[in-house]
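Which chain is which? They are A, B, C, D, E and F, in the order written, and residues in each are numbered from 1.
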């Protein structure tokens, strides 16, 4: 590609940059995009670019295989109840160490070493996320968000930090608890009345035919989601992801998008080019705003 | 070009964006880039993009053929003395109308209609540029800068406007006078201690062999300029341009660059890609910073 | 007059100064007061004094004979349709140059040279005035205000500039258009919810008997205006002026006054002495506030 | 006087207003101007006008006959030592009550009732004036300024109050003490690096021939004061006043003026007209600035 | 007491400090606590400590025996009408001098000499308290609050001063008038929507049996006050104090407390220990907040 | 203890509170005070109290036995070289998880649950601590501070957070490294030009006779430290602690103190009572400031 073509690409980003200026974008970061070192660097670099061109970027991350690795390493056995990990004190201790001590600091460090400005925190810091335990007897320290203190994020964003947040909350007794990363990110997006909530995962988005990536549904008005559930277009592991997006858009978040984290620079393609990628969820308008720019 | 390649280009701009964050960039805008409607739109759009990704952009423009057109139209004859136009009152009146009333407002309007935020002013507004007449008896209202009130620009930049400045100043008697656009832009860049001064013109830059564009000198340490004058590498109309850049870099401006305004997106190529374009002037360092990024 | 009498005059201005502290005053400036150099200097000096004692002064100016002079000079013929100039592209170009390039810069320059601080802009700058064309087929680029972006004026006023505004707007296609100066000033006053709108013209105000200046009506409650139209007390060229004032007072402007710009220091007499001058328009109160101080 | 003449007077005040914009003016207020109700109202109104047109006005007042009246009334006998009142505890109590409780509050109240905004304080409030006793054994609570905490005045001025200050300080033991009003005002002016220090008294200024008011010396360069002492041009009660002005101008105050408080609107004549009044003290320049405007 | 016990006491204050952080506390200061030098120092020191640990403290003081002393000393006879002093001009002059000139400045001075930061003002300063005369014919200058300009207090508190306020107001004719200190303090507390109003007096609080201090009622829900009046639990001089507290709590003040100023450090015990002291008035909650901490 | 005694203790804290107002206090927190749950709660509560009464408190913590516990648990063997742990990648990973994921979050959570406002970060966040490796070949990821970006701490402190910092830095290659907690705390104190640096450990301070606590040296002028080394008064594990304090006081920190974290409320005793505790290090003054209050 010659420099004129490159300049053309950059210039074409201008209307996108104008559209997202000062907009709050919450990114749920996880899956393959967090496992692969090269993808990780690319995602964080993309997030920095979005921040640099004017968006207020917030990153919420989960844990993934690192938690299992360290549970094994420390010889702690987890039992699962209805797909949820029984989180006793010893498990919780390891979960917290891996999320807040390993992954969170590694992500923050990588942003800093790329020349960015990040602050790695958890839901405990500044009382960001207060939680209640879902089912303490069966599940132990598994919480759900009861309140988000958005001031913590605003304090950091206003002085130029990208908040990198691990999905740990504080329960009513002042103890740590584990919160599902999608729920954590969605809850923070709702509390912030974010303009965009990005759910990054290992799927291309909602497919008409799950075996055929070319059947990607580019955008879904949220009132039609129920219909898609009933038709089994959305099924299995896709259901909680779509529900999370739908819930966000129903609660003050302007748009949500399921992005494929395995695609290099998916964030840039979605936010700074005309292409768009993944499945966008929006409300009430005839067409999603993405397609209008 | 597919979206992955596009994303790659955008991502590659990040270090450039980081490097120029909050930097003051003064652009002397003129020549073909101001005559051709399509180039004009492209230059202004490029300037907006630079502003949007974090630079403080200031545009200083000259007049060009419009002035002659309206002098003719109004049947006013200009005499030239040593290449400088004798600017009597009637001529000055037309010069001011064309610069501040036509070109300045048209540029400002175009930025606004592209979604930007610009304020079209002159050296008279807010007392921005105070001037003294060079040779009132022979040349009339031809001035040179005696003082720049940078507060005017800072006031506008701090609330997000791109100042678009026409090269009119106020002389010691409170009358308007015409100032050479290169001098005007250079003088403002010096007063602002700008990080970059861009002199946009209709040449590719300094060429070893003026008949061969491939002999472009990419960067020149300013202490070597005298040598290039003596060797006739720099001669003719190139001399005042190079002197203007040299003068800027000798007086608190960090870098100056002669850019070819006829190349679409020259500003973007220079500031947001690894390529660079035109001839860069710098001081004392072994290599110019551009080549280091 | 001895210095004690002078001090008395100054002291008597105090309650007026207190009353207008931080009040927004929009002055439509035109007519003889803009043609005569001595009156011009006096009006601008008066406006500066009002600004200095605490008012937020905004000046909106029209064009007057200068436009015809330059149309003639450039051999452009104007046709009039129902009293409105057909404004084709060539005409518009000259109108813009005269308004924004000549008159606007001359006024701004004079304020600066008197020691004031002014910024000369148009409705195009910062997107101040968005307009729609009244009748593009017959009239060409003659617009009426559709939206005023008051932030532009507040940005300038907050850092101490007197905005001097020429009556050019930007239409929906991003082109320049000409707006009647009274409409421009009134529209800006309404958008700013100004405390005072001054319509400076070449008449003493509304006269009971147009041949007898001693029959000046000092103040008119706007609900009685219709009655005065029907009785032919207000007729001819006075009708649009009165309508403009009435419209302003009906739309959030506290008071409007038609002042005779031919009277030296009319602004000072109106705002800083007990006398008052011209005809004041107010709403609903038994007596206008001017008479109460 | 007709309204045009009035307007002329007001307009002529503009350069004076421009010259004193944001300037700090400390007024020692006392003598007849404080005794006569009509003069008092006029002085306070004048001070408000100066504040309103942009000066930062600070008023320091003394006590005068009220102190003797209340000492008599309370049957307290004062002895004088070298012209200074022996200020025992009982005397000090009455001095403080009269200065801070009667005069100070009456002045403040009058400004408020005229529509101004004043805060009546003493040197004790906020630790404004720290003092040392001059000669505690012979004189009791008679202090001289050792330190001025200008922050107190800046706090009040920055939110629009005129500070009205009574000449009470706090000595090193934390007790109240009386400070000569001229010294108090001069000391505060020096600490504030005031632009003007006005010493209002019952004399026209320095006279060549004390019996002939027409021999008023309009301005005195402070290096010539010694000479005037030796020639007895300045003698008697005039000496401490001149010394106070000289001391101020030698210590960072730009100009000092001895004004005749018995002349109505002396402040306005001095600051807002071309006339000037009283004797001005200045430093090193050939002519005082007053005469240059 | 050893240092560990001391540390324990300090640590126990933490929840109280947290609870009152940034809370507005208006203290009516008078009675014995103002007469006795040692108690005075202790009260002011306590107030400073409350300010230092985060409360916004405002002190309103009355006059007490000093007024009678100086009326006697100046041979001015007061007549009382229904328990209210007839306040003619001469009396008012002395009342003002004692309140604003003696007591106010002495309190302010003591705070400053203890290392605090206080500003001694009256209801006249900045137009803090506007009043109407209760019964000018019979009582003379006895006023009641008609309006409080809370901005004055906010201006002082925001830059760290403890306002010390004497109970003088300005009536509709711009004259001084005397306001009952309890009314003055209560009125200011109401206007400020204070969190706490402390009425310091020479009683332990409301007693079931006035002869037995052990029968102190610790807290009273204000809807029960009427009942206590009817049962004569509250009678005599206690009635206006209780009414003042009730009125405050009924008008936006969160809590009021009658404290015994004769008890050393009563303010500290009430605000920074678990004990509480005196009688607390609150509204609608089952138990007063004090007992919950 | 009765409430009057308690009030006395609180009142006596006032001069200490005044002295430390807005002072920056860096606390190295570790040892027994971090192991024992009850001591931990007491230390954090004390730190909150210090913050609440006006100090800017920064907490830096180390790791202690938790690191060994988790190294064992994960079957990672550490080798020691000259008393320093060889920190290979796997060890560093655990060290980081324990410091930044377990201890840091637990401390932050405890402050939050006590009603405070804390932000748990590391030297990596915001680029707070840049480090160089001491001896990468032998020791692996053991770093020493090369630069501290104090802006991170100022950003947090200015909006009311207590920064809780774990001793992890980022080396020149952008990798995590372990920094000795005393060095980390001391380095941060120096960069902040802290007023106080508290080194909390498990010793009473410097003892003349290490077997006799009654021989505590209350304060040491730092120029005498060398002498104490030579006399073996300071020896063994005490040497690095004293060196750390001496280094701090020699480099812009005003005072350093070695406190016994095993004593409940040692921080309160040191900062808010007259007693003082531990050994204070100061420079050049005859007596340490602590003893003067």
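Just so we're on the same page, a contact is a pair of C-beta atoms (placed from the backbone, for glycine too) under 8 Å apart; a residue touches a chain by one contact, two chains touch by 3 or more.
Given the structure is predicted, the values throughout are model-derived calculations rather than measurements.
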item: Identity of the chain that, by mean CA position, is farthest from chain B; value: E
item: Centroid spacing, where centroids are CA-atom means, of chain D and chain E in whole angstrom; value: 36
item: Euclidean distance of C-alpha centroids - chain A vs chain E, Å; value: 55
item: Category of the chain touch graph - line, ring, star, complete, other; value: ring
item: Successive chains along the ring, chain A then chain B then the rest; value: A, B, C, D, E, F
item: Residues of chain D that touch chain C when the two form their complex; value: 1, 3-15, 17-18, 21, 42, 45-46, 48-49, 52-54, 115, 263-265, 268-269, 272-273, 275, 277
item: Contact footprint of chain F on chain A as seen in their complex; value: 70, 73-75, 93, 96-102, 104-106, 108-110, 112-113, 117-122, 124-127, 152, 155, 159, 161, 168, 170, 174-176
